[in-house]
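Next come two complexes, and both contain chain A; in the first it sits with chain B, in the second with chain C.
Right after this comes the complex of A and B.
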């Protein structure tokens, strides 16, 4: 129940900001809901936006379970997009039924590979992964920037910094006749179920949980702690990499520098709101996506900046963290 | 003020935590020059009472009075100003500061230009001579022995003009000789008119040192008597409620060697590095290792548990090399392991009971299909059998492990370690922190395992336990292990000297202190 109360609390808090900005609270929230779910176009858009959030949310929730604090899903997403671009723009041509899984696999490998150095630094030299994974995001963005402004720049792009388009065989098909919703949603849902099954029923999922909850007891019981953390990191990076493939080959069709407006970071919020449960990541991602999509529509109709979406998301996450604390401790008033 | 006025008095102190009454209408008084022993098992309410005195908790009812004046509840500052000093079980000293710096720490104003070291030093030197607590004020605390550190803790309290000194389990980390020194010091201190509260659950200590004894059980005072007329059995019964007989060893013929360690050394420097350790344990035999914590017992336990990999020498189990660096292989080879710290290493508190019971054999066909998918129905039904066999009190296999009491958690660890009928049992401090009932249970389990032919290595800091439960005892000091001698052949005093690194003395001078 904690996430629902947290969301409610953050909506109440944001209501104050909205009325401060001079709009009617009910009208604003009404517009937000309408913008996110009010039409088939809106629903389509909300679901489309939720695809990368489901995948980065899964990436974060798996890693956090093992107490590997991967803050670098943004970078891993872009590395996945780089892999999709490298293999998907003509280097290899396969029939569509093979090309798409191949690109997804390459994106996952690339995303996982980006975490190899941070995770080995952590397991072997106790280097804080929060710092290394976070800073790698900026490194990756600079590499992407270099590539699409330089060697990978599409000569047909009329000067825009973007890479060549993914070949037709590699493009994820759209799911509906109208709108942008694409096959990435199915991929994300499958991953969510697989990760949930893995965490709940498999030996490896048990080992991830044991290592995260009490690494010393896990080690004593014979679980190889370092191996578990390394594998978890690879899975986490892989999931974020898939998000990059899905955005490149599904939504845009080509790599640009604004491929992700911070999906990697929002993935942390998705995972926290889902309390690291892989199935709960799905509604959590859809909700946060709705907030972003809806607030765009809201800001067009009333005079409230879209930043209200960031505030709403941020406050929700804080409220969840607080409610987790309150469920473990009892508040007592001292005289 | 007359002599009859107590320096410290508790009046009807009651403290409840939810439905649990930790302190139930406790009334106690302490007079100048006396040592009051507070005796009770873990969880009897000793620490809660002291926390109330120190202002960490507020009593629900009643109050603490110093010299007839009520202490303001919830104020640690007021307690210190009233002259109460506490020596904690775990020392609160800064290793990288000198003795003098540690003692003056916090007594000087933060806004003073400079410390007045001269005056502080003079006061400290005078004090340490007065009380016979000799310690060099200018050495670093890191270079002091445990006994000396405790002396610094006491001086720290005295320096703050404490008139009431509270010692919480002060002998837990001391050798028997160091304990004797402490007792002499405490007696000297009371001659100067200070009053002492001595908290312990060790009967012989309390009989040796105190002038009066108050026994706590389940939060209430169940007995208050003069030490001169108190008997050991009577105190034990008061403390536990019913007389619990601790199990004793019965003679049994020894079998083949199970564990053979020869020339075992580990890398590194320091007291916990093993140096040329030799030890053989046979079937039907319990060998005890005595020693002050940090002398290599953990290193040996880690190695036998499969945690450490690198060593020189030979460790053989049932005539083949013991696998190292792989706890699962060690368990599969027939070692049952009871870790030293059941919360930190034994169990994952947030997991369910059945999950903790499968942690050592996750990939075995009993538990998982080809080591990939956990068979939870099989695992749970095995957990149900284990819970029943080892009498774990819980709501079922799906209960959260951290909700168990210490005794039940230890039973769970026994269930995991002993169900497989291991040939070697490594029991590291298996009864630490348990109540009498659970202690008897754990010790009986070890004896039953010995009966069926297991070899048992028992590492313990409790000499009474070692004397009553082992066939042979060896002493560990600075990584070296003495020969394991039949238990009756050495007295507690001799073992104590060896624990302090003073070699063996000729047997027979002095018989055991307690038996």
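Right after this comes the complex of A and C.
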């Protein structure tokens, strides 16, 4: 129940901002729901936008389970997109059935590789991973900026900084005749189920949970803590890398600097609302995606700044922390 | 290479370094105060955004400059209180709370900015703090122009370093703060309320961070842009580790970084033709990581950092 209370609390707090903006709260939230689910086009957009959020949400939830605070999903997403662009723009040509899995694999490897330095710094030097993963986000964005303005710039793009298009064999097919919803959704759902099975039923999943709950006890029980943390980090980075592949090869078709409007950071909220449960990441991602898609429509209709969506996401992270704690204790009023 | 050495000899380079160092000083000292009391404050990036927006907005709405600084500090302290309620009183994860505060505080700043200025296409400007030339001292060659012809907020930043050092290491209050981060049980045994000390430290530290943000919009630039903090908060967190939680070394670290930033702007003009500008912009972030690697083995974290204190609990 905790996430529902958290969402409710966040919506009440944002209601204050909405009424400050001079709009009717119920009308505004009505418009938000309508904008996210009111038509087949809206549902299509909401699901499309949820794809990267499912993947970054999974990345964060796996890492946080082991108390490895990977805040670098944004950077890992872009590194995955770089890998998709490097291999998918003509370097290699395979039949579609092989090309797409190959690009996904390369993106995952690249995303995981970006976490190697932060995780080794954590396990061997005790350097806090939050700061290193955050700083790498900025570095990666500058690398992307350099590549698409320089050596990787598409000469056909008429001056816009963007990379060449992914070749036809590598493009993720769309799922429906109309709209932008693409095969990435299936990929994301498969990953969610696989990660859920791994966390719940495999020995490795058990080890991740044990390390996260009490690293000392896990060590005592014979679990190789460092090895577990390193592998967890690689999986986490890999999932975020796949999000980059899916956005490049599925949604846009080419790499730009605005590929992700902060999907990596929103992934933290997705994972927290899902209480780090990989299956719950799916509805959580769809919900937050609906908040973004719906608030675009709402802000156009009643003139509320679109940043209301970001406020709701931020508040929900804090609210879910709080409500989880209250669900673990019994509240008793002292006389 | 000789170009680079020439840059180091110009007063303009040093003046820029001292100007750029000010927000880093405020931010790093703010984080240092929080962590000395045992609380990691990853809300810094968002709290600096709040300070940058609210201080600027105060002046834009007709308030005076110092009123803006105080208002920014107050806003920072409020977000600090929020962080303290979650991490100190409820004992929740300091990592996740901090990230949540950053997401919430930055989004709220942008929301409020857009609410108050819905139609501004180009960011409106204020009259920022002007440089004050200190008599006699500003006539010294090189140093005079670099250090003694700065804005009042920069002088404040430079004076804050010894002030924070003095309070932390030479007063009973500072001892209580530091011990709350090392051995809270011992502090409690002295009859001092650990929760109150930590809450106050996080609020004061957050006020510092917000003033650092306000410096950027009120003394360095004259307008508020989206994404203008641009990772400076995270660099401050790295600087605290680099400084081993020591105010004096924090100043040295901050100066190093500011110098690097001032140098890269000038180096872009001289060797920019050969090296793409993105690599210059990358330097501060890469250097932060390198600095942490260098210092990691030697540093001694405050013993109770990240550990919530619950009264009466066995250790």
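What we mean here is this: the second predicted complex is superposed on the first by the 327 of 335 C-alpha atoms of A that agree within 3 Å, B and C clash if a C-alpha of one lies under 4 Å from a C-alpha of the other, contacts with A are read in each partner's own complex, and residues count from 1 in each chain.
Definition applied: a residue touches a chain if its C-beta (ideal position, glycine included) is under 8 Å from a C-beta of that chain, and two chains touch if they have at least 3 such contacts.
Here the structure is a predicted model, which is why all the values come from computation and not from measurement.
Measured by the number of chain A residues touched, the leading partner among chain B and chain C is C.
Judged by the touch definition given at the top, the superposed model places A:156 against neither chain B nor chain C. Shared-chain residue A:91: touches no atom of chain B or chain C. Once chain A of one complex is fitted onto chain A of the other, the partner contacts of A:135 are limited to chain C, with no touch recorded for chain B.
With both structures placed on the common chain, the touch criterion links A:308 to chain C but leaves chain B unconnected.
When the shared chain is aligned, chain B comes close enough to touch A:210, but chain C does not.
Within the superposed three-chain model, A:218 lies in touch with chain B and out of touch with chain C [touch as defined at top]. Listing the residues of chain B that touch chain A in their complex gives 74, 305-307, 326-331, 337, 339, 344-351, 355, 359-360, 362-363, 368, 371-374, 376.
Looking at the complex, you find that chain C touches chain A at residues 40, 42, 82, 86, 90, 92-93, 95-97, 99-108, 110-111, 114-115, 118, 230-231, 234-235, 237-238, 241, 276, 278-279, 281-282, 285-286, 288-289, 292-293, 296-297.
On the chain A side of its complex with chain B, the touching residues are 201-204, 206-207, 209-210, 213-214, 216-223, 334.
Residues 17, 20-21, 64, 69, 71, 117, 121, 125-128, 130-132, 134-139, 142-143, 145-146, 149-150, 265, 268-269, 272, 303, 305, 307-308, 310-311, 313-315, 317-318, 321-322, 325 of chain A are the ones touching chain C in the complex.
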